[in-house]
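Each of the next two complexes has chain A plus one more chain, namely chain B in the first and chain C in the second.
Up next, the complex of A and B:
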């Protein structure tokens, strides 16, 4: 009797292992496709969706680009999934590539939907494509054949990322839709002539809409301002070129009357690479200061004109401007902001040679 | 037997399990800036209530709160304990249902609610069936297993913070005092501490150490609210249902082989919540078994879980969970304030009585 009871109890315990598998309407991994890149364009109210799918075929990876259309993004993906023999699972989408036209019309609703449904990870990167998505994917596909993660590696910090590329994730775009003081910059790419992808600058996104564009070298300053490391980028001037090895940022903000004033200093540590003529260290420092300050002012003028605060300058006025007025930061205060930029350069060393 | 560590740890974990979900949402909604003030005010109130409760219980060192009330009189027991049973039942239903929904929202989107609810309740009932000692032992085990991963996630969750969002520090109008969301946020304090009255005389604990456990929760309360606020900003964070869960979804760690850290946080917290649910079921069974001494406690437990399960299934959607949450508010304030203070005054009376009677 006792033994039988024990056996029954043991069997009950064993059945407990069943729910451990967590399988419920589960689709096996070989019946799923896990796209890495999701491309979205919109024309006349219809969304077109492109998925880059990597398929392992006998010791190499084949790249498939599939596309579908529908009245919403999920509708389009659902129709795609219906027509494919596998289930489309967006869990591993790393890059959301948006058509430029779509970005200029405004993408806030799509971004909000991404955040609501947790299919697409909020940390997927957002990029804008400067050419038609079908022709972009067509050209890039060739480069992808050799290495399936090329688009992804392009933005990955421990792979092909450069300080001239802004990195913006879905949640940051979402934040810019709601935030009073923070906008974002999204990298713009197109297919290159000799390389698979060409980076041609950043799009300035204000409240989920693309309003302006800045160049790669301006993006570098934007990254430096936001405290991203610009280590490894090279600046070329008339008399020298230098390699930036470190950067720090210091800001002081003040408010006189209704006008916000800001003093910013970027401190660079550089290493001398090439020289032309016989420049002194002093000359190189001055030249670098002039070059970068001018470039920064040009960029700042551009973004100030469209009232997009990608530098997050409003953040520095949180303790000065009360919250209710901060809601009008972009319209009221930001266009009047006076920003004074300084570049302090420290030439860390000049290589094996002495400079005059 | 002095088990301060076990009791304190279990108290700590059951609280930790619930603060990372709805609490940040309520606090962020209650005030537009300077969130530390409502958090600290709530925590201070909680410390006072707990101190009063334990002081009161200290006067009856060999009775649990059921005996305390029954000794005063049958009507007193009914008056005080029936609302508590009701309250715990509602908390239990809300907790199980809310967590089942969270699991569905975050990762098991295909699994039906009834299956998730069933699993949650089944495990908790099993823990509760083995008695309070096993609940405490499970608590220690869970702490060893999962607290390190919680600590790790909390450390890396600072990845995207922008410290400017901490300003302005002071909100001068004290708008949180009149906000319903703030009243709702007290749910984190109002339940866990009750079990302290059920464990004696079998298990004793030092009230100082318990207060220390409550005190050590304050940093976690601050983190749960402030990390989302510092990352997203108040105006964005207030659009999220579970700000902290969302925040963990944004963490990007290159060298970590797991893509979604959220799962680790969530699964750790869910084990803590199972402990919480087990405690609730156990307390209810203790209260119901007193007038029904002939029924085996295990059957009572099964009955309570079955009723809870039915309650959970009856709630069709998230909005109803929130409505139930608001309905529960009156009972919550009753349990949170009346029970500790009544115990305290009964304790004072007991002490006076004792000093008159020659021993």
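Up next, the complex of A and C:
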């Protein structure tokens, strides 16, 4: 191959690369609006969409809340984008905030659409708002003036997250819609009186519908069950408060007849933070075990009653129950499940050593 | 006038520095000729006279005396002319019509051994190669005095005979590779060599190569360490550095002088170079990709601050990047061209343009300047100037691919680059080989 042919071929390849790449659709980052929070509510078949947009202006970040409505979420966002001077890029949405009413009516369609359209990252967190979205955003906006990411930081593990808050992503909700054996818990927030946001517990979501609610301390146990409770503190009745520094989980599942049995052991390593009176470690341990077991049983009773398997216990029976009947897990087996919970605590009266 | 003398005069006589000197040595007429600009005539003549005196003292026959000066040859105009051009003088024995090629006292036309001017060396032997090929070979012999080292010298070119020296170590070098190289040089011994591209042509390398087939070094220490790795060192007369063949990927990161530090320090220094190469290649590409194509990859805080820094910038990221990269290349090129006394002006002006004015004028973003500075600094960590040129070029490929396909394009660019590097071979040694020592080559 001589040189001229080579050069011509090279030029053809280069010129083809341009029309084939579609690169004229690329929009620079400063021409995109980057909403961090997407709020969705629904009334009478019409979706109302709220976007919390952080806008860089000269040397600070300004918060803007825009809203639009439409028959579908995409349509609503499209109308918003049309009216805005920049392109709306939902890929940076970190939190999808759902109206409580909407969540109770069922949000599975919207979640499926998010996964299909792929314009919202599947890693975005889902949360439920316990008040009217307009008033929530209004109040939050006042608290947001300084920093654009406050709502997001609230859920961020290396920022404001606490083990009392459940963390559930869009893909997990999507999974729960399709899975036979797993449901999710979604945090519920509202605007706070002294803080910007207030966490008031978790919603139990079954097949994309909110069916019950658990309190923050129950959510801590839920997180402990998933191995994510480190640094959560627990108040032991009257005597002390402790901080969880490590937790491990062991489950054994068995099936006798048609009744699933489960033995769960949560091992907690806790550090004493405050004591009142002169309780011995033994006393605190006993009280802690009792308290947590009771609390766990109460929570479990609650979610078992609504047939929502947020702990994912069905996962442990996947190898026992045949595939055909697995679809009946929530309706048939789960309500009969006998769960025996042991909480083993190891109290370390050393003070909290690994202060960051 | 004699026929031979006349012919030589015809060939060279039109040069004003050509001298012809008649002399009587041991009662015989001789004619001495050569170039007065290459040969120190006075001291050459005085050497002849001294030798004549000592010959007289020891009652030496004339014939034996001639042999002490050099080989008595049949007259041959071609040999005579080329010897004169290389700085010898011809001693013509008029009565016997014979000539002797004598190595005369040379005019001092080469600089003395100096500090390296293109490579910096920290705490290491710091004499560097010069233009004179014999001095260079001597430096190598001084650095390593081993019996297994072989020095092969060739002369190439029809009009001028350029000296080319191949040095290798028999113990370490792969014999097949050496045979191939020597064969290649011998087959093309009529090629003229004036610059490195000619050498490349002589060695039969393709013209369009983005990565040089050899490493250049000015330091005897590096050249000797290359010999110990089974490589071949090639010297060309009047080229003041050694060409180390073949060039391998690892040479971009490793300098023999690193071994003058303790092992952990050496590892850290080399990994810094690795980081430097990756940074040079990837940083501009990532800027373009993350700003224009895939901003979702950034964390939201980062995305906001990037967006903020680009507020009001009129160009798309790729144009912004290319403009600044070109300006930077211009600065680098200009500072290589300028005399040392004007150089600082350029640095200052360049610094003002890049550091301040463009950003204040909102032509480019702050972040871009940071990326560019990091890229340029990182680029200089590579060992060998030739290698840094290649890396500098490859980053454009990655920037353009990044502008088209974003992060995916960067990956594609890296794959492309790796594929290209994997396709390179020098005398049978793959570029990605870690070693080309004897016996380690095929499974390297």
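What we mean here is this: the second predicted complex is superposed on the first by the 322 of 356 C-alpha atoms of A that agree within 3 Å, B and C clash if a C-alpha of one lies under 4 Å from a C-alpha of the other, contacts with A are read in each partner's own complex, and residues count from 1 in each chain.
Keep this in mind: a contact is a pair of C-beta atoms (placed from the backbone, for glycine too) under 8 Å apart; a residue touches a chain by one contact, two chains touch by 3 or more.
Keep in mind that what you see is a predicted model, and the values were worked out from it rather than measured.
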First (chain B), second (chain C), both or neither touched by A:92: both
Which superposed partner A:17 touches (first chain B, second chain C, both, neither): second
Touching partner for A:276 - first (chain B), second (chain C), both, neither: neither
Which of chain B and chain C A:121 touches, first, second, both or neither: both
Touched partner set for A:62, first chain B, second chain C, both or neither: neither
Contacts of A:336 with chain B and chain C, given as first, second, both or neither: neither
Which superposed partner A:250 touches (first chain B, second chain C, both, neither): neither
Touched partner set for A:34, first chain B, second chain C, both or neither: second
Overlap of chain C and chain B interfaces on chain A (superposed complexes): 26, 92, 121
Chain A contact footprint on chain B (complex, rising order): 32-33, 105-106, 108-112, 115, 119, 162, 164-165, 167-168, 232-233, 235-236, 239, 246, 249-252, 254, 259-260
Touch list for chain A against partner chain C, complex: 17-18, 21, 23, 26-30, 32, 34, 36, 54, 56-59, 61, 89, 91-92, 94, 121, 148-149, 152
Touching residues on chain C, where the partner in the complex is chain A: 290-293, 295-296, 298, 300-301, 303-308, 310-313, 316-317, 403-406
Of all residues in chain A, those that touch chain B in their complex: 19, 22, 24-26, 92, 115, 118, 121-123, 156-158, 169, 171, 174-175, 177-182, 312, 315-316, 318-319, 322-323
